[in-house]
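Chains here go by letter, A, B, C, D, E and F, matching the order in which they are written, and residues are numbered from 1 within each.
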Amino acid sequence: MKKRIITIGEVLMRLATTGHNRFFQADDFKVHFGGAEANVAISLSCFGQQTSHITVFPDHDIGKTASNYLKKNDVDTSNVKFLDKGRMGLYFHEKGAMQRSSKIIYDRFNSSFSFIEAMDFDWDAIFRDSDWLHWTGITPAISATAAKFCSTAIMKAKEHGLTISGDINYRRNLWQYGKTPKDIMPELIANTHIIIAGLIDFENCLGIKKNSFEEACYVTCEKFANIQKIATTRRKSVSASANRLSGVLYDNGDVYLSKEYEMLQIVDRIGGGDAFMAGLIYGLLYKGNQDALEFAIAASVLKHSISGDANMASVEEVEKLVRGENIGRLLR
Amino acid sequence: MKKRIITIGEVLMRLATTGHNRFFQADDFKVHFGGAEANVAISLSCFGQQTSHITVFPDHDIGKTASNYLKKNDVDTSNVKFLDKGRMGLYFHEKGAMQRSSKIIYDRFNSSFSFIEAMDFDWDAIFRDSDWLHWTGITPAISATAAKFCSTAIMKAKEHGLTISGDINYRRNLWQYGKTPKDIMPELIANTHIIIAGLIDFENCLGIKKNSFEEACYVTCEKFANIQKIATTRRKSVSASANRLSGVLYDNGDVYLSKEYEMLQIVDRIGGGDAFMAGLIYGLLYKGNQDALEFAIAASVLKHSISGDANMASVEEVEKLVRGENIGRLLR
Amino acid sequence: MKKRIITIGEVLMRLATTGHNRFFQADDFKVHFGGAEANVAISLSCFGQQTSHITVFPDHDIGKTASNYLKKNDVDTSNVKFLDKGRMGLYFHEKGAMQRSSKIIYDRFNSSFSFIEAMDFDWDAIFRDSDWLHWTGITPAISATAAKFCSTAIMKAKEHGLTISGDINYRRNLWQYGKTPKDIMPELIANTHIIIAGLIDFENCLGIKKNSFEEACYVTCEKFANIQKIATTRRKSVSASANRLSGVLYDNGDVYLSKEYEMLQIVDRIGGGDAFMAGLIYGLLYKGNQDALEFAIAASVLKHSISGDANMASVEEVEKLVRGENIGRLLR
Amino acid sequence: MKKRIITIGEVLMRLATTGHNRFFQADDFKVHFGGAEANVAISLSCFGQQTSHITVFPDHDIGKTASNYLKKNDVDTSNVKFLDKGRMGLYFHEKGAMQRSSKIIYDRFNSSFSFIEAMDFDWDAIFRDSDWLHWTGITPAISATAAKFCSTAIMKAKEHGLTISGDINYRRNLWQYGKTPKDIMPELIANTHIIIAGLIDFENCLGIKKNSFEEACYVTCEKFANIQKIATTRRKSVSASANRLSGVLYDNGDVYLSKEYEMLQIVDRIGGGDAFMAGLIYGLLYKGNQDALEFAIAASVLKHSISGDANMASVEEVEKLVRGENIGRLLR
Amino acid sequence: MKKRIITIGEVLMRLATTGHNRFFQADDFKVHFGGAEANVAISLSCFGQQTSHITVFPDHDIGKTASNYLKKNDVDTSNVKFLDKGRMGLYFHEKGAMQRSSKIIYDRFNSSFSFIEAMDFDWDAIFRDSDWLHWTGITPAISATAAKFCSTAIMKAKEHGLTISGDINYRRNLWQYGKTPKDIMPELIANTHIIIAGLIDFENCLGIKKNSFEEACYVTCEKFANIQKIATTRRKSVSASANRLSGVLYDNGDVYLSKEYEMLQIVDRIGGGDAFMAGLIYGLLYKGNQDALEFAIAASVLKHSISGDANMASVEEVEKLVRGENIGRLLR
Amino acid sequence: MKKRIITIGEVLMRLATTGHNRFFQADDFKVHFGGAEANVAISLSCFGQQTSHITVFPDHDIGKTASNYLKKNDVDTSNVKFLDKGRMGLYFHEKGAMQRSSKIIYDRFNSSFSFIEAMDFDWDAIFRDSDWLHWTGITPAISATAAKFCSTAIMKAKEHGLTISGDINYRRNLWQYGKTPKDIMPELIANTHIIIAGLIDFENCLGIKKNSFEEACYVTCEKFANIQKIATTRRKSVSASANRLSGVLYDNGDVYLSKEYEMLQIVDRIGGGDAFMAGLIYGLLYKGNQDALEFAIAASVLKHSISGDANMASVEEVEKLVRGENIGRLLR
């Protein structure tokens, strides 16, 4: 009774300073891999679902290592392509502490993924027997061919009757190939059922500028009849290591709010939103709106205690946190 | 004016993931050694007492390494035996963080210790000039010969007039050799003077099911006239890294309560109870009931700031914490 | 429009246990370098100022490594001397956690620096085109020649019209060469414009024993007409990893107080006072009293999030913290 | 045109001392996974073949981690079973150097694999569309059910027309469940086509005691008409870090000898024989006898330069070594 | 009496697998920095010369870290520029062992250095009081502006009367901006006095295809009257860790040969040629042809024992090796 | 039937660069402990003998850590004293490779050991039931009180009838307290039975300058009738990592030569001579001259494969090497 979920998007290599080193003090880097969509796939695999990630890596050993990372985490890689063009996308990470913020330096332009071509994939084979497609607004921001790849995937998924989710995820420092989000995103959103978006995303990608999430959702759903639900997380940053986190879900005029969690001594906040997305997909597949939202936000909280980009918590662990059981116990 | 304290019991090798790695992410393991009773011995050595630990290790280099660990920490190993049978008992440890619990996977069956034989030890030589014997409920739970070894030690210690303490420490997933705690524990407790036990221990080992610690103590002392004092710790787990800790001591109808400490950013909570036990033994040897309890709970708090299974704090450090002196200062 | 700041003093090698190891558990040491005055120089270099540090190292590879550390951090080392006499000064560091204090064991006697001779330096060349000299009370405490070196530097700097700052920094376990602080310090202070001192420093170095900082400042300024401003930090230690920090500045009868910051999960508190000093120098060069103080205390807070002895925060980072912007955000 | 190769057998976790530490000096362990048959599967996956490994792991996170290791290395794990019985098999490894030998301490009894049951696998599904089955003499040495599992696999593979290879691999310290190799091995060998065996294996498993490999092969093939080829490696150990290695292949009376390689500064010799086996399988699938043997021995040589139990060299790398191309070049 | 040597060229960050890990096994990377010309500068600084490196880094913390690496190693960075365009050039390194070759994967396109502009530098200030300029064939291979930058540097250095050396260093996988080496290199070589080149370089950059180094040198010197000396190293690769190394120097028809060294257990061969170049520059500044060559080759041998891209040996150490003194002694 | 051997002398902390780092590249140090005499004690403990080391450490946690190191390695520390004066003696170590030599920088002056006082020890208790005393020429070279301590120990051991061995071990950079070796050593040697000395030692300590070991031994034995045997090792250094090693023993005019071993890929040569000494003591206690010498030199060879200052090989391992058994085998 597993569902099959397809994710598409770039995977980057993270090079992180060790200990509490700042970049200036770095002498070695810890290697992780991550990407907004692949993080969702890994988390869903940890939730016992069947996942497959569609991406492109450079055709050398570093690209192969990235692909192996997905495989090790139970994500099917039979549709990963290796390209003799481009490079491995990277980002450097300096972990913050106390009042010092975490920093990310991206080094992702001209990656092999930016040369991805929709026509290189056998979409019918990919979507046959699949239940869900997940994409994010990062992919169409990378290059014209990536945008085309993204819209093709959505179209084909729609033909096969999949549920489609999209995390709008507006990134100011991408979108450098001549198009703006407003040129591209509306068409993608017009074929998507579940949306993750905050006020900044509505404004930059759809030109919908509102003061409240509820209002923005209302207008967006008026405009895009296909949209069923819109969700987002709410983060209050006290310091780099102390945050408060909760979630909101909009469904046909109703707004659901989750419990708020206090997060102290955060281990790694990267991928917290992707953990929420994966939790929401799992939740909506198996639960009602309120329970799905509580599951999603608890999943995101657990992610903050885990090193690396992807949430490695199980359904059982997330549900225990939702029920408030055993928190902080030593499990023998 | 040192006292000589004898501890008996198994020592396991702890294999712990590094950083904040989950088991799934482990690439190397940090090696520690620990055992409920040996942890008590090491802490008492750090308190300046003379200690000797009685145990069995496999007769190979890993077993020798475990024995050296005791020796390095000033525990006499002249009565450690090396056996050509069985294996080194292990446990794997994944350290929790935030709302994610710590996990332990035991791999201890068929250890060399489980083949321990009471008759292989020269008890008269061991207990001559000794003051105290400490045992826990883990030993009789391991095998029939280990249970026999434990009861023999208690009997012989009694003959030599030692004070005897026992940490009941009921472990559900041991006791697999055909006996139940209720078959074995009453006799052991009947010859013990100082007991560490919580409600679950009273119920499972003595069949005494009560709603309060005080009541359970009362009934237990009625039944076992030999018991002089019963103590336990009280832990409130907010998260894996934030707990509150205090202690209780029962003595002939009187109940003593310690100060409660707030523990944030816990480094390693394993062995916190053993640190309490060691503190209590030291306290009862040199102080009155209330002071002994305060010493024991402060010792346990300091243990939570130290990596590894055993408390490495000195008497001076514990007493400073009891007095609230210099906490968090930089000692030059 | 950079200013040129000269610092003088010893640089020690820090050998720190790794992880949360106590000294007893140490198996390897992390190497850092630091010294109260060099820490100020490095922080000022990170603030974009031109700095030069005057010191002596032993003439071997370890001494060279220490010098390279300054160079790497943009401190001019053209006046560092290498001496064939003495040794590299060291200190061992055990990082505290929770209620367990941090510990420092110094091993600095007979260091090459203790043989420093004022006449080996070309003071006119050093101070030409320079704006500021910074010294601390550690230097005159080391040896008679070091005290002479310190007073010579102050005299020469005065002749060249530099602003002179001094961190009184009374260290009880130095001053072992036959002189007391009261023999030496008054003359040095009599030629200094900006002073960092707390009640203990006033008492031990100037014989001024008062109950309040304000009073002590008043009396001191009466006695030493040259002093323009006196500042200090106020630290409340809750535990080794949780402190509260604020600052005070006295200027001609006016007392300025900074915001108080709550510091949780402190990474490394060593050098927190030096970071304050560097922040104050920068502040007083470019800002008014209140703003300078706020800058200094925010700089010190950021230092607590950084490994090693020196503050590696930029002006921009400090000013953002003063304005309360972006705290705990993930900076992409 | 990939072939599909099935391997069966236990996978152990290797806990290796770091640096050149002896066991007595160990403070942390590096984690690897390996097993004679799984090593063959991984190497064949690196050679571009399709592989699937059949085994049993304990049903907890450590078992899951072991399974992920296979998956990451491109071995299909859809037939890996997780059992609630038994433990993860382990071995401890101290790496030798110079005249000091490497040491292995096994800790594998009562592993989950020892409880493997032939009937729990759907053999028809496993062998459908498969080309080759590989087993070793370690499996029948573990337990009665493991021996049964091994013979069942061989029988079923035979029914499906697979080529079957077996590495006799006599292990003196296994075979502790009441059977001897001579009770079990002849039947398994009687259904195997390609054999790896040395003089000790012939003697202990088949009772064939001869002075030369050729003679032993002749007698063995007389007795077991099914056997097509027999091979073995020849290792001359100068020291723990310097060996010479060559291979021999017997086919119907003809003896083929490979080139002999001098191996200096060996990185990790564990799995050298498994790398030979994988090379031989690849070689016999795609090449003639002499070329297959040269490929196999070159593969084994490359394994000695790689950390961990499995060979991670590609076909291209092995063939370059066979041709003597580019050895020791810096490949940009 | 120090000489001042100017080097120009890109500096890359090296990300190297640790231990003997292959790329597939990488879990963390060690960070080094290196570039053919900067390696020469660092080595010359270790030889006590004054050096300055001209390059461009991206204007962020990683670029600043690279610049600090030069500064720490005593290379003047006052002419390093930070550009808001492009990225940090990288290369990934897998260290070979035994018969397994080392591998390098470059990721350097679109680096900030590729946007370097000759006119951004104040050449007169740079070359005033300088003695030597060193460039390599890597710079003109990177981009049109880099080629222009290189030729400008050479022209300006010529005007200031510097000695100019160039390491031809033909790199097949660069030269992707529309020009070939033959378009660019002749003009650069026509203004250079000391050349490092092998047969492949002569052929690809000058179209001079000869069978011997001597012949190629003769023809080259005929064509380029400015050239005074040509040198190269001769490496015989037995394996990744065992090489033999010697050098050759051509001067006006005379050929000098160095001693040949056997190098076993090579630590890091990257930068071996740059160490030779630095040794040759030092040698030619202070010694005759034969001694210069012996110095250069001994320097290169020592580099092979040092981690990282640059040679960190002193003049004294190199000269001791030339004289065969103290080799392999423990220096107390 | 164990023998009890007493060793006296200073123990230093070794701070060693990691990997192949030079001092300039050091970022962390590995901690070891060692001393010529304590190394002998540890090795003899590994040979199953009873040992006790007499020394002085500073009375703080680092001193305690050093003492624990002895204890862990089975050396009795009941006569270790902790002094409130002086510091922990240190040495820094840069490991050589290939043609690059290893380097040691000592930092041992004013150590607590230099304040050792003979009268602080209860010599009768120490030597009662003991068989052997071992000292080296390092102790009398440290300070006047250390020389006095050494001569007292020898006198007292003589009174108790112990066998006394001394490793002359002339160290040029010690002997800085006003005495020369010739003032002190003759008296010590005059009461010693077994001597380790090379030509340099004979010359500097006894004024006996000869061209051959045999001659020097002859003259020395003429002069010191008490001497029974003199031995030394012969090392041929090809490079830092390749040496040849053999031993010589002189007994009453007879000269015994050991087998010569080729040592490639040396792991750690520090303590090679001490391992020889320990092997010789064990050999002379249990074997004849030739066998004792072969045992001693094989022990020294094995030490070169072990990290740290002390030999951790067992009697069984050494004897296997003497017999040429199993060298380079994988011991399962």
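Going forward, contacts are C-beta pairs under 8 Å (C-beta built on N, C-alpha and C of every residue); 3 or more make two chains touch, one makes a residue touch a chain.
Here's who's who by UniProt: A, B, C, D, E, F = Sugar kinase.
Every value quoted in this text rests on a predicted model; they were computed, and no experiment measured them.
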Practice problem: Look at both sides of the chain A (Sugar kinase) and chain D (Sugar kinase) contact and report whether the same residue positions are involved, with over half shared, or different ones. | Solution: same
Quiz item: Through what angle, between 0 and 180°, must chain A (Sugar kinase) be rotated so its C-alpha atoms fit those of chain C (Sugar kinase), rounded to a multiple of 5?
Solution: 120
Practice problem: For D-F, find its twin among A-D, C-E or A-C: the pair where over half of the contact pairs carry the same residue numbers. | Solution: A-C
Quiz item: So what's the Cα centroid distance for chain D (Sugar kinase) and chain E (Sugar kinase), whole Å?
Solution: 45
Practice problem: Determine the centre-to-centre distance between chain B (Sugar kinase) and chain E (Sugar kinase), using the mean Cα coordinates as centres, and give it in whole Å. | Solution: 62
Practice problem: For chain E (Sugar kinase), jot down the residues that touch at least 2 other chains. | Solution: 22, 24, 27, 68, 103, 264-265
Quiz item: What is the complete set of touching chain pairs?
Solution: A-B, A-C, A-D, A-E, B-C, B-D, B-F, C-E, C-F, D-E, D-F, E-F
Quiz item: Contact residues on chain A (Sugar kinase) for chain C (Sugar kinase) in the complex?
Solution: 19-22, 24-25, 96-104, 106, 171, 173, 237-243, 264-265, 269-270
Practice problem: Would you mind writing out the residues of chain D (Sugar kinase) in touch with chain A (Sugar kinase) in their complex? | Solution: 68-69, 71-74
Quiz item: What part of chain E (Sugar kinase) is in contact with chain F (Sugar kinase) in the complex they form?
Solution: 261, 263-268, 301-302, 304-308, 312-313, 317, 321, 326-332
Quiz item: Once bound in the complex, which stretches of chain F (Sugar kinase) touch chain C (Sugar kinase)?
Solution: 15, 18, 22-24, 26-31, 60-62, 64-65, 68, 87-88, 90, 92, 94, 103, 105, 107, 109-110
